Amino acid sequence: MSEIAKTSSSAASRPLLKTLTPWIGFLILLLALPNIFSSNSGLYTMNLMGIFIIFALSYNMLLGQGGMLSFGHAVYFGLGGFMSVHFMNYIEDGAFVFPMYLIPIFGGLIGLVFGIIIGSFSTRRAGTVFAMISLGVGELMASSSLIFVAFFGGEEGVSGDRTTGPELAGINFGQDIHIYYLIAAWVFVTVTLMYLFSRTPAGRMANAVRDNAERAEFVGYSQRKVRFVSFCASGFFAGIAGGLFALNFEIVTEENLNALTSGTVLLMAYIGGVGFFIGPIVGAVLFTLLQSILSNYTDIWQLYVGILFVLTVMYVPQGLTGIIVMHSAAWRMKRLGSLILPYIRIGIPALAMLAGIAAFLETIHHVRTAFEGDTLMSLMGIEFDSHGVVSWIVILALVFVGGFLTRMQLRQLRDAWETANKPPAQTEGSGS
Amino acid sequence: MTSAIELQDLRKSFGPTEIIRGVNLTIEEGERHAIIGPNGAGKSTLFHLISGRYNVSGGSVKLHGENISNLPPFEIYRKGLSRSFQVTNIFPNMSVFENVRCGLMWVKDYKYSFWHLVDRQRELNERTAEVIEEIGLTSRQHIPAGVLTYAEQRALEIGIAAAGGADVIMLDEPTAGMSHSETDQAIALIRKITVGKTLVMVEHDMGVVFDLADRISVLVYGEIIASDTPENIRNSKAVQEAYLGAEAEE
Amino acid sequence: MKLKSKILIGAAFAALSAFTAQAADTIKIAFIDPLSGPFAATGTNGYNQYQFAADVLVNQKGGVLGGQMFEVVGFDNKISPKESLVQLKRAIGEGIHFVVQGNSSGVAHALTDAIKKNNERNPEQRVLFMNYSAVDPALTNEDCNFWHFRFDANADIKMSALTDAIAAREDIKKVYIIGQDYSFGKAVAAAAVKFLGEKRPDIEIVGNELHPIGKVKDFTPYATKIRASEAGAVITGNWGADMVGLAKAIGDAGIDAPVYTYYAANDGITKTIGAAGKDKIRLVHEGRVNPPPTDEYKAYHMAFKERYPDSDISQFRIANVISMLAMAMEQAGSTDVVAVAKQLEGMEYTTMQGDKVYMRAEDHQLIQPVYISVHTDENVVLDADNSGYGLVTETTVSAEDAAIPPLGCKMERPS
Amino acid sequence: MFELIFFSLLNGIVTGLLLFMLASGLTLIFSMMGVLNFAHASFYMLGAYVAYTISMYLGFWVGLIVAPILVGLMGAVVERYGLRYVHRWGHVAELIFTFGLAFLIEEVVQFIWGKDTKAYHEPEILQFPLFTFFGQNFPAYKAFMLLVSIGIFIMLLLILTRSRVGLIIQAAIHKPNMTAMLGHNVPLVFMGVFGVGCALAGLAGVIAGPALGTFPGMAVVLGSIVFVIVVVGGLGSLTGAFVASLLIGLLQTFAIALDYSVNDLLQLFNISFDADSAFRDLWTLSLPQIAPILPYLLLVLILIFRPTGLFGNRET
């Protein structure tokens, strides 16, 4: 997939097959996944991932590709969801006949309409003004959703039934596995379309305006219009994601368009890496996993997510994808192998330190929240006494010894890294 | 025949300070015109007024006889005027190839299209490759523009400005900060890309000016004090006095 | 790259399934409520009460059906309908057939709808939904279904009891209604207007106000308005921070009128309101605390307090849920969802507090007596939040008086 | 009616001045560093929580003094080791950093202090009604809040206009690069301003905690309102922030006090509406109901029609 990440190059010189390989791989992966994770929760998690992948990619059309920092992207996602669920109900009531699996189109259209309306005044500038307008519009919409009950259904939201309407080859999408394939199909189509959009003049100029809005005006493009086109497209795809949400959950509520959802999509895109096309995909997958798996094991998972987010912003602004792409130079020079040992050498103490920190937080949390006399807690299957001196010595030893050893190993890693990347790395992938 | 650029009593003030104080200037089509003058004379401001970066405070700018004062930059570009910048002004995170291609897309009539794939537009890409060949960056075309050397970025700057084939090209100090050999290359490049076109340039390096220009205008304190052929300017007492006097005052 | 992350996911899932391997002889009950976020305090306390009730009322007595134990498994829904459905799927995936939930009627609506669809689409994975706190009347009226049972008195029943109490006080001539701007707040307001109109047409409703939920920083302007209206009583369905803020503002403004509430106790609220609400705040609820109705209840309350010193039995009905579920299983002789549900329908039961209650078959609403208690620090045996303040019961409305006939429930029963 | 207006006015001013304590710090930070600090209200929350903890051991008054100092120090640390580091990645990253910080601080507060509302009370000696007017009490604590806010406002005014530090700060606001050339240690000034801004927010939290409640959501409730104020007032304008704070404070109290709805307006023109239409909610909309969204409406309108804000002279 790294071909996709590159802001790639010249003409149609590359053979068609090579261009298509990652896409075929993507398709096969989508088809094969439910056979690997066939459990109920596995399917459910993957459905959620699919929806978030589209949503996060649509967000990145703004932030990563267009340089527009939005704090209100959930508006289009939510409105798309509400519109779709209303249409689901019209179909159920027999108001008109329409196949249920195409419902997300309505979500996309309402997203597009609102993209046009809001984009017409918000895309005049990028930067802080854009961010503030998006915040204001987001808050307005979220507050209105609780006031206008007829459309938004108040805090109960609006629910629908996806099993009505014309069926597709005898399937009524009652089962989760059917919905999985439906979402996978939509994911494949929309991801392809969004990638292709980034390769059109409008998409390329969005990058140019992000890099240098002024200069773009001196090659004939109005920065406002360039942003506007991206903004509308982004609203459209966010609306489709909302429509899929409506199909999957059969309910859409106020939280689909509130500030929390807007914040979540920013977080997903940023952790994944906004500078790369596949960054948001990685972010969406990772965040969904954190949300649905980590939260099963610990009450304080949001604390970990917060720490991860802040550390990413500080030290890895190019996101997780950026870290992976950083290795491409060494990979091409076939020197990646020389990094394995140094990574192991630093990885073990670093893991020990992280485990220590996590154990430290978890134990404090346990001491604070468990009921009186319950001092026994378990972490990763290890049971210990949260009030015991020995446990605390072990935890602190993990943190400090691990931290100390990690620090000591940093130097050798840096050396190994430099050796592996000599002659000086020419490319760092596309910018961030 | 109308002239390429015609400035009539052009004025620009920032607050109470008037920077451009009634400039009248006509640049004919096909002419290579240089604007010289001491620091702070308003040369860059004049460029910004013509290219639409600043709004004018008074007077008018005409391009091929059409009034373009206060049009946004992209409108002016679409009417056939392209420019480069004194401080390098490129798209740093995009590759050299893409930088140049951005300078071509509007002219090739793609506009805000989201149904063409840029990689499949053979003519666009071939033309881009040609321009890159001309500015001598073929071997560096896949590198992000932000990591080019200074001289390469200056060449790219000119390449973006010239790529679209605008018939009026304005270059703001194209050789600033270059070494001798680099300057020579730049002159050759400018000569090559402006064949049959109107060139307006601001330049400090008198060698470059006298080498390239057909006519020279001298801007001092926001006014044109002379506009003539290089020889006449070189020999003009008034210019020497005003210019040197101004220099001395700084 | 893609593949690599997928491998990681695989590992994560493998780890997950290893962890959820389960013993077969326990009956799992999924507790789907907020365990993180702003409402975690209430949710966590409910979770503790469920675990305590399952331990004390079932497991320590030898379990049900010849030794099967109850295990309450917590699922954090972050009080979001969407997340609740995700957790419901997870619970079903783990083979759980019994779900309890209470916080937020919005979540309850989402769950009951999803469970109905699930039970139709996957008959082998049917689920029973025991709602212990979501009081929107619609859940047992037009939106009722066979799989949903409500153990709390619904908002109309509670309002009926509240208005009885107000009607009995001749000195109250003007009433101010204030609530959060969403379905529950509106339902409370509508019910209050309706019942007051029936019972005391002479009472003037001087204010009927909805404020945005969770967004009001300072309730002082509302208190000013209430004061200006010269109301003799205030009715509110507010909960959480909105309840605390309102109570404090009313106290600070020196308004000397009773405030009739649904959710103004426990989980930090009693402590925060403190002296500001003394003899002012009144609460309608289904479980008595002071004076302790029975010794058995007192012992139960104290035992809970011993295990969780920072919290109290705030939702007595939880004990009823567990006991009645156990009883239904015993009577059905199995844990089959349909069989258990049929036993629950119409079940009569005497609670630990000595009240006779029954599960009305037409709409699955538990019919029980309702009490109105006052927030005070006098005669408090079992205080709340260790604050010295607690609830002392003032008025009792018997089950018969409190019962409101079902409205528009058309229940489809599985054949 | 007069009673309602009198108390609404008083409450509006109390709220407005409290908001100004937050907005002034945010404006100062923005003017100097160009960063809109999303986490500003989180420091307000930290102030309340820290003061709560201190007040349990040493009493309210110690908390009033010590908590803002501690919060200010935390702010300085965040600037020195967080923001300054992130600065190299550009403005968008800075904005996202403060956004993430707000999220993280809320989680940390919940981790340390738990998720429930804290019983943080006003000191005993301020628990009496200062005066009673038309039978309604005005609590002494509100008057105390008013007094502290006004005191801070005057102090800020004096420092900015009369002291050397104030002059440097003003210079830095107008010409950030020039100040460095004059030989001032700009990073230190930045750290100081950020710290002081956070300390002001912390102080606001200390005095607001007992009145408005101390709970993990308190930052979110106030956070975006403070943004609205600095944008509406004009980014970088302290005068604007002051006027906008009072404006928003009064707007919110009066919108609640005045019970007008769209329906009333329509009846004025003898228009009736269909009670079942999809727009029914629009017709029954009342002023108190929409009170909290008014600031956001104002924000969007201002940004569209006057991006410099009421008193600002620069766009971002």
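Here the chain labels run A, B, C and D in written order, and each chain numbers its own residues starting at 1.
Heads up, the rule we're going with is that contacts are C-beta pairs under 8 Å (C-beta built on N, C-alpha and C of every residue); 3 or more make two chains touch, one makes a residue touch a chain.
These numbers were taken from a predicted model, which means no experiment stands behind them.
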{"item": "Neighbouring chains common to chain B and chain C, by label", "value": "A"}
{"item": "Other chains in touch with both chain B and chain D", "value": "A"}
{"item": "Of all other chains, the one whose Cα centre sits farthest from chain D", "value": "B"}
{"item": "CA centroid of chain A to CA centroid of chain D, Å", "value": "32"}
{"item": "Distance between the centres, which are taken as Cα means, of chain B and chain A, whole angstrom", "value": "43"}
{"item": "For chain C paired with chain D, centre-to-centre distance based on mean C-alpha positions, whole Å", "value": "36"}
{"item": "Multi-partner residues of chain A (at least 2 other chains)", "value": "143, 147, 149, 300, 302, 369, 432"}
{"item": "Numbers and ranges of chain C residues touching at least 2 other chains", "value": "36, 181, 212, 215"}
{"item": "Per-residue overlap in chain B, given as positions that touch at least 2 other chains", "value": "none"}
{"item": "All touching chain pairs, where touch follows the definition stated at the start", "value": "A-B, A-C, A-D, C-D"}
{"item": "Interface residues, chain D side, partner chain C - complex", "value": "3-4, 7-8, 11, 14-15, 110, 114-119, 121, 129, 132, 134-137, 139, 141-142, 211-213, 215-217, 221-222, 225, 252-253, 256-257, 288-289, 291-293"}
{"item": "Residue ranges of chain A in contact with chain D within the complex", "value": "63, 67, 69, 71, 121, 125, 127-129, 131-133, 135-137, 139-140, 143-144, 147-151, 259, 263, 266-267, 270, 300, 302-303, 306-307, 309-310, 313-314, 317, 361, 364-365, 368-369, 432"}
{"item": "Of chain A, residues touching chain B in the complex", "value": "7-12, 196-197, 199-205, 207-208, 210-212, 214-222, 225-226, 229, 233, 275, 426-428, 430-432"}
{"item": "Complex contacts: residues of chain A adjacent to chain C", "value": "1-2, 25-26, 29, 33, 36-37, 39-42, 44, 48, 143, 146-147, 149, 154-157, 159, 161, 163, 174-176, 245, 249-251, 253, 255-256, 278, 282, 285-286, 289, 292-293, 295-297, 299-302, 321, 324, 369, 371-373"}
{"item": "Residue ranges of chain B in contact with chain A within the complex", "value": "51-53, 72-74, 77-78, 82-83, 85, 89-95, 97-98, 101-103, 105-107, 110-120, 122, 125-126, 129, 141-144, 146, 160-161, 164"}
